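Structures follow.
In what follows, chain A forms one complex with chain B and a second complex with chain C.
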Partner chain A sequence: MRMPGVSTRVAKATLTLRSLLTNPVTATALSVVILLLLVGVLAPVVAPYGATSVDLANRLAPMSGSHLLGTDEVGRDILSRLLYGVRISVGVSIATVACAAVIGMLLGTVAGYFGRWADTLIMRAIDVVLSFPSLILAIALAAALGPNLLNAALAIAIVKIPIYARLAYAETLSTRQQLYVRAAKTFGVGNAFIVRRHILPNIRSSIIVQTTLDLGDVILLISTLGFLGLGAQPPTPEWGAMISTGWHYLIDQWWYPTFTGAAIFLTVMSFNLLGDGVRDLLDPTGRD
Partner chain B sequence: MLKVIVQRLALLVMVLFFVSIATFLMARVVPGDPAQVIAGPHASAQTVQAIRHQLGLDQPLPVQYGDYVVSLAHGDLGSSITTQHPVAEDLKTYFPATLELVFYAFVVALAVGVPLGIVAAVKRGSAVDYVARIVAIGGLSLPTFWFGLVLILVFYAKFGVLPSSGRLSSGLPPPPHVTGIYTLDAALTGYWATFLDCVKHLILPVLALSYVQLAVIVRQLRSSMMEVLSQDFVRTARASGLSTWTVIMRFGLRNALVPMVTVVAVSFGSLLGGAVVTETVFDWPGMGNYVVHSIQSLDFPAIMGFTIVIAVVYVLINLIADLINLALNPEVRYGVSS
Partner chain C sequence: MTPEAPVLSVDNLSLSFRSRTGPVAVLRNVSIDIQPGEIVGFVGESGSGKSVTALQIARLLPEDQVLVDSGSIKVAGHDVLSANAREMNDLRGSQIGFIFQEPMTALSPTMAVGTQLALAIRRHARCSRKEAQRRALETLNEVRIESADHVARQYPFQLSGGMCQRVVIALAMCASPALLIADEPTTALDVTIQADILNLIRALAADAGTSVLFVSHDLAVVSELCQRVFVLYGGEMVEQGSSHDILNGPRHPYTKALLAALPHISGTKELQPIPGEPPDPRQAPAGCVFLPRCPEAFARCEAKPPSFAIQSAHTAACWLNEQIAEGPTDA
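Coming up: the complex of A and B.
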């Protein structure tokens, strides 16, 4: 049972990347996503102004050389706020999806592998979460927990857990019946080892596909909660919250909410296109 | 078939039971002390205690839950803190506006999404397919609230052809009350000028709300149609000389319908969620607008009343979708055990 060597893994990763890049749309989406991640990390370097540096003399300034996308209602540079906002929208979404995926995978695997009461308890709880439209449940949870960014992320993670739990559950159920798993049991191999060695590797690719497809959706949900006042609070440069103040200036300072929304749109679209590319690669049945 | 229906109904009761626990926890346990919220930050400990007693919050949780379920069963969702009205009454007032919006959005999403999805799958790689894929990926990436704002910017601010908010122009009285759905009421009572005005007010919000669901439907129908069309029995049907139309309708669509019904049910739920955002942007006086105002004032009875009503509607819609799927499945219809 030797683990594949480092060089094999690097070769595998290179191959995956190369196949991803053969599709021009996926390649573009991947470049935009990488660019976004860089912008997020380097926001203090690339942003021309601070995210919260107020300049009351320069309120709602139109687009110009010194403020490429204009300024907001207290004179903050919109471009800088958008760049800092990448950290929140993309960073928080990645963390949220990761949480939902790990917890969901754990719950689904436990329910599928141990069956009986674990199955009943976990999968019925999942059914309850699924009996609410996802946005409505996220709104209710975020309202109950109290309006801030962390709670919004938590609410969205809870809403997203069922998808992963169901995926892991279905895969675990079918893998559990496989001969090699039953053989391992006969030889007295422990449950934890079987799950780690035989079950989880089988779930992995469908979970990865789902996480990439979900990232865009979670960015949308975070910004929607922000827009409704249930997410990040001002002066945090969160895109949804920015539009929530910016839309009052829609008619006279159209660039303010328009560019902010365009940032959400382009980001989510890049993640969705990348997600499609990853799915085509790892899950050939859904391929176009 | 009857046995299956009874089973589903039993499951429905169980799901509703758990839904009531979930909303109870969200309304009473998670947000800290509701009595404190009602009393306000400056209230004395005595006042808070009095409110707590009045609401039964000094009782043990199982007793509180029991009371909660009993009042739910009587259609009592508690009283709104802001409007002071019973939440059930408030929701009843705002429901027709939301229903009107969601219904038209649903119709538009289906009327455009279904043909587009089918044609894209049948004429794979064609210009229509290309458009369908752009429509789909665009719809899935567009924040509904922002799309609404862009529509207002273009059609109201720039060209001035459509109104940006409300259900009717100011000064125009609503049509005589029959159902509360303005377009229907106006048509029934013959107020055609009002009808036209209602339609004008509906166009932008319906467009904003329906686009995302349209995208979901196109994407799903396209991929399930393609899967069905690539199967052996479709090839056999084609080879046996049936017309393309018959093959697509009788073999393709018929088989792609089952996953589709589920998607449509889920998308109806998403429309209800999307309505919250759309109503806010277009100041549409429906349940979504009501709940957003409730959120701003931390009016938990109103928020949770809304949530449970939507959950019940959603569970019922899913039940209907399940039953339709059962009816579509010949194994169940003819009593063949699976």
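Coming up: the complex of A and C.
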């Protein structure tokens, strides 16, 4: 007998991808996201200059053939910095969301499955985190931890954990009542097995939808912390930090902050639209 | 032949559920015994406590809500009520198999049925993944699924109810348990498939030497399948005996009423519903549990009737049998 193996998985993935591409908006968003990921990986190849190569003779140069999006206040090529910035904004965001999702899912599943004191302890702690506005809490945490990129990512992960915990908690509560979970117990399997084989596969898809929806939000949060000086520090080519210095030049050298802002806008919107597409795909009932 | 130890012996089991207003007695002095290879029916209406008994035999009721007031349960010589969590997990599946009423929801929607079967097999048999998959196919063949190779790769939603029930039976029987508990396994199925499933359970049980506790509210199905029948009402055992005796000479008014409520295929006889409602477990009756609905009630019924033996294996807890019986047995 062949269990669903690699070939079925490939077939399934192809099918999923095809349904994603039927919606033109999602297809566009997906292409942009893929392009961004490629650019992030290939930044050293595609960027015309280094991210931190200073050229003081060419400060705040306008758009030209040699500097397509101009240069910043110390003569660094803005396009190159934006391209390198993808690694930080998108890369760090993905890592942050992944951390929050895994930790939140674990907490929520444990609370939902075992109930009692685990439920009380975990979910009340989650409620405490949720009772703060997420941006304010992220700022406070990042400031308390000290301003650098890692701490900013950590702060955002903490702020994002409750969403996943709640989601996993609710799904676990309903899944553990299912007959097949009770049936599994009649074969003498333990709790760990039930959680791994029955609960997690069932809550996986809603967690995945939430991560894609969250990516845009987290990119924005990273940029916000960067803008406030609580995230990546100069000369790191982080978009938020770039706008933070760039907005001083909005009147005379408008391209500096404008293109940086446009990069954030395009990225966040693409991730959001992709998230919507994935949600519609995995939840057919939610379709209009 | 020396008398073998019973596969299942439930002895004087009394059970309560915790509730806000105090414990509610759901089972009172229920005793069941099943000999090796026997198929035994367990009959009663909804709320009579038959599922509770069945679940408690595998200790599947939420432990924090159940109070065992008295009695013991032994499955294949193992004391179920005193087993710890690990011992209990080892008993489940290997000694006790379970079949549920709703086959479609008893299987995980996220796994192919072959995968689920292989996992169940590996739970109680040390073998490689490959070997488990091979055995899973064998087991599917045993429950008379044609093209097992194809079915093993299907997900439950791709299979019919009858197919799913076959898979569930395969799961329950894969470790050849000593006792199979079938909780209304045919209720959710078409009548045409019911007979197939019943035959399958009978054949598999005979092959594996498994005893079956067949929980049902359908006396027709039970009489077709079982050698002996236990009739439960309001958490108490009201009558027990061979299928033949119970069907042809019921001694308890409840069993009589249950038989009168059976539909006949000719349709000439009108169905006779049992008047009144099942007893409220929160108000334990002092006398006979069937008294409020009993058409033959008399003064004696205000006191709790003991179990009277009509014949050696046929007992009924009703005062009407006092004269016929040789004397009360303490069952």
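In the analysis below, the second predicted complex is superposed on the first by the 285 of 288 C-alpha atoms of A that agree within 3 Å, B and C clash if a C-alpha of one lies under 4 Å from a C-alpha of the other, contacts with A are read in each partner's own complex, and residues count from 1 in each chain.
One rule holds in what follows: contacts are C-beta pairs under 8 Å (C-beta built on N, C-alpha and C of every residue); 3 or more make two chains touch, one makes a residue touch a chain.
These figures come from a predicted structure and were not determined experimentally.
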Clash-or-fit label for the pair chain B, chain C on chain A: fit
Which of chain B and chain C A:250 touches, first, second, both or neither: first
Which superposed partner A:44 touches (first chain B, second chain C, both, neither): neither
Touched partner set for A:190, first chain B, second chain C, both or neither: second
Contacts of A:62 with chain B and chain C, given as first, second, both or neither: neither
Superposition-derived angle with apex at the Cα centre of chain A and sides reaching chain B and chain C, degrees in steps of 10: 100
Contacts of A:224 with chain B and chain C, given as first, second, both or neither: first
Which superposed partner A:141 touches (first chain B, second chain C, both, neither): first
Most chain A residues touched (candidates chain B, chain C): B
Minimum Cα separation, chain C to chain B, after superposition on A (Å): 16
Overlapping contact positions on chain A, where the chain C interface meets the chain B interface: none
Residues on chain A engaged by chain C in the complex (per definition of touch): 1-4, 178-180, 182-190, 197-198, 201-202
Contact footprint of chain A on chain C as seen in their complex: 58, 60, 88-94, 96-98, 100, 102, 105-112, 114-115, 118-120, 123-124, 133-134, 136-137, 148-149, 152-153, 168, 171-172
Residue numbers on chain B that touch chain A, as the complex places them: 14-15, 18-19, 21-23, 26-27, 30-31, 133, 137-138, 140-147, 149-150, 152-153, 157, 223, 226, 269-270, 272-274, 276-277, 280-281, 291-292, 295-296, 298, 300, 303-304, 306-307, 310-311, 314-315, 318
In the complex with chain B, residue positions of chain A that touch it: 124-125, 127-129, 131-137, 139-141, 143-147, 216-217, 220, 223-224, 227-230, 240, 243, 247, 250-251, 254, 257-258, 260-261, 264-265, 268-269, 272-273, 276, 286, 288
